[in-house]
Amino acid sequence: MEIAVSRKAHFNAAHRLHIKEWTDEKNKSFFGNCNNINYHGHNYDLIVTVTGEIDPVSGFLVDMKWLGQLIQEQVENRFDHKNLNLDCEEFKTINPTAENIAVVIWKLLRSRLNNHLKLKVTLYETERNFVEYNGN
Amino acid sequence: MEIAVSRKAHFNAAHRLHIKEWTDEKNKSFFGNCNNINYHGHNYDLIVTVTGEIDPVSGFLVDMKWLGQLIQEQVENRFDHKNLNLDCEEFKTINPTAENIAVVIWKLLRSRLNNHLKLKVTLYETERNFVEYNGN
Amino acid sequence: MEIAVSRKAHFNAAHRLHIKEWTDEKNKSFFGNCNNINYHGHNYDLIVTVTGEIDPVSGFLVDMKWLGQLIQEQVENRFDHKNLNLDCEEFKTINPTAENIAVVIWKLLRSRLNNHLKLKVTLYETERNFVEYNGN
Amino acid sequence: MEIAVSRKAHFNAAHRLHIKEWTDEKNKSFFGNCNNINYHGHNYDLIVTVTGEIDPVSGFLVDMKWLGQLIQEQVENRFDHKNLNLDCEEFKTINPTAENIAVVIWKLLRSRLNNHLKLKVTLYETERNFVEYNGN
Amino acid sequence: MEIAVSRKAHFNAAHRLHIKEWTDEKNKSFFGNCNNINYHGHNYDLIVTVTGEIDPVSGFLVDMKWLGQLIQEQVENRFDHKNLNLDCEEFKTINPTAENIAVVIWKLLRSRLNNHLKLKVTLYETERNFVEYNGN
Amino acid sequence: MEIAVSRKAHFNAAHRLHIKEWTDEKNKSFFGNCNNINYHGHNYDLIVTVTGEIDPVSGFLVDMKWLGQLIQEQVENRFDHKNLNLDCEEFKTINPTAENIAVVIWKLLRSRLNNHLKLKVTLYETERNFVEYNGN
């Protein structure tokens, strides 16, 4: 009896899409205004989905309060009100696209979750653009 | 040509998380303020997803009006404006966590649906916490 | 240069609409299933709106973090995961309709706000029903 | 490292559910007020989901701007502010149910996408009714 | 002690913006694709706001169930799944712009409300476009 | 017969709250993590509300397409994917708080609107924090 439990969180951050190995022209042509040298920013909405067996006694898959705290420690404290390119070790060598941010968050949470739980991360960069990553 | 059709519904109910076999201390420590002896409540948002083949003549998978009425009869009439712990047979021996409520709703609907249709239930306890159950 | 600043918050509570001076029949007939003797519940969404002059130096009307903490102390800590009828002094003699809850919240916040600030409270009982109160 | 990238779009259209081979009575009985001879209409919300490998250099799965333009050309320009039954070739012989519209959109986009990308289409006919199609 | 109470409703309708006294060219130039001769459509979201004194005994301004039924009778039954131009007497001589639809709805409801209650109507034609009318 | 017409728009930008005349300690203490030297960012949602008389012939207050283009030219092109502090003349000497951004946007639009139209600007910095400014 497998169930999926999801919790929403969010963080507000600045970023810039830029590949150091590319010329400025190529960066500007490829990333458009997301390449702005002075950065822009987003309210990132995050949904963390954990899948596994319901505990037959408590009726919980995981304690939502615990899951909320894990997301706060591993994601919100790390990225909220930060410049992803300048302030965050995780993006020193990785371009902070929505795709890459989702993978980074997935890895940060995966390492803290019991192996028998599956994990999916959904990240909204804007209300109209979002990505999903489950490690497969 | 398999398609999934979803319909949203909702119900407002009181509940309390509590395991009779546990001491009051353990209940309070485990469930926190969800264990409040006088109950609290939620606006539960429900998404019922039915998957199967489109009828090549009508272009319907199922009639949405019929699906809406089924949810009203089996879920809304049963749980809306109720105390899940006190008013609802289904939770006399089952702790009304979001996980367990989703499973109960899935079973209530599953028994009324044609076997060749798949069923998934998504239940929002709050805007930030939700669960999904598909019977696998 | 007057501006309005709003902050959203929420709390989950059980309640029952019931007038002690009325007979059970009149209560049931007037309040319908909101009169259920065992209570039901809601996710209450709250918007607190404060109006006044922008501080010309800081560019703030009020510090949003301070406003958020005020709402948490005065409203969320008081009503979240509570039974409004049984657990809350404020509703011992007041029927916890959305209208009355909004007025109670307005009074709790009004007494903590500087006199030169105007206050409005918007309370969503469900996504479809909400009330607004500004003390006039 | 497979990831799913989604983009929202929308179009406003009129339509009527009607099967030419059926009698007027059967159409009215089966489709109810969706069979209104003078049409009714919807704000259709569309989510297009593309799945594949992240490009290790750019950190993109696909360029969201390109995906947005593809949806505009293939879907919005074709269906926005149109009468699906009268103005759109695609529904001359197909009943414009939400299910059929989703399949038509899927086919229009599928033919323009690289073969190694998977495609899913989610179509909201109203806030409460939506369908999902992925071609399987 | 004046309070405002709001209830949301919705209806799905087809319409066409067109002034009979204007040439086809002027209509097309002025209303753009909203002038499409075969109509297009929308999911109209409606918020009806009633303002007055809270009843000191019941704690209600108006019974929300009664308000919901009034909206259903006066608005939803009249306009839902209709072609506003062809099926609705109200728009035989009035162009069904969002502005005019809001005024029509306001008048329909105003005639059924007690004089000591104020009335405001908010009508969303799309998620991005909406109008408000209060009779002043 | 006065009506209000609103249109939503949005822009994504980086910013930093900082008063040059204050010490770094005072800035950090007053603005908290909004003072991060490397900036952070938001998806700003904007609602522009114009109030006036409905044109009795066209049934429009203003042409929504025109209003949308005005917002794009005056606001979105100016602030979208920008660093408000570094890239935008408007905030060279003004701290880009939500309050100040709303006033700046109001002034930019006010100068382009006919005098007999009233103007209100609502700016969401996050889903939970928003401000309203109407020039009074």
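Every chain is named by a letter (A, B, C, D, E and F) in the order it is written, and numbering of its residues begins at 1.
We take it that a contact is a pair of C-beta atoms (placed from the backbone, for glycine too) under 8 Å apart; a residue touches a chain by one contact, two chains touch by 3 or more.
Owing to the predicted nature of the structure, the values given are computational and were not obtained by experimental measurement.
Chemist: If we look at chain C and chain E, which chains touch each of them?
Modeler: F
Chemist: Look at all chain centres (mean of CA atoms) and spot the one farthest from the centre of chain B.
Modeler: Greatest centre separation from chain B goes to chain F.
Chemist: Name the chain whose C-alpha centroid is farthest from the C-alpha centroid of chain A.
Modeler: E
Chemist: I'd like the Å distance between the centres of chain D and chain F, where a centre is the mean of that chain's Cα atoms.
Modeler: So the centroids are 34 Å from each other.
Chemist: Report, in whole Å, the distance between the mean C-alpha point of chain C and the mean C-alpha point of chain F.
Modeler: Chain centres of chain C and chain F, defined by C-alpha means, are spaced 29 Å apart.
Chemist: Specify, in ascending order, the residues of chain B that touch 2 or more different other chains.
Modeler: 127
Chemist: Output every touching chain pair, sorted by label.
Modeler: A-B, A-D, A-F, B-C, B-D, C-E, C-F, D-E, E-F
Chemist: Residue numbers of chain B touching chain D in their complex, please.
Modeler: 1-9, 49, 54, 57-61, 63-65
Chemist: In their shared complex, at which residues does chain E touch chain D?
Modeler: Against chain D, the touching part of chain E is residues 10, 12-15, 33-34, 36, 38-43, 80-83, 86-87, 126-127.
Chemist: Quick check: in the complex, which residue numbers of chain B touch chain A?
Modeler: Interface residues on chain B, with respect to chain A: 17, 19, 21, 30, 32, 94-100, 102-103, 127-133, 136.
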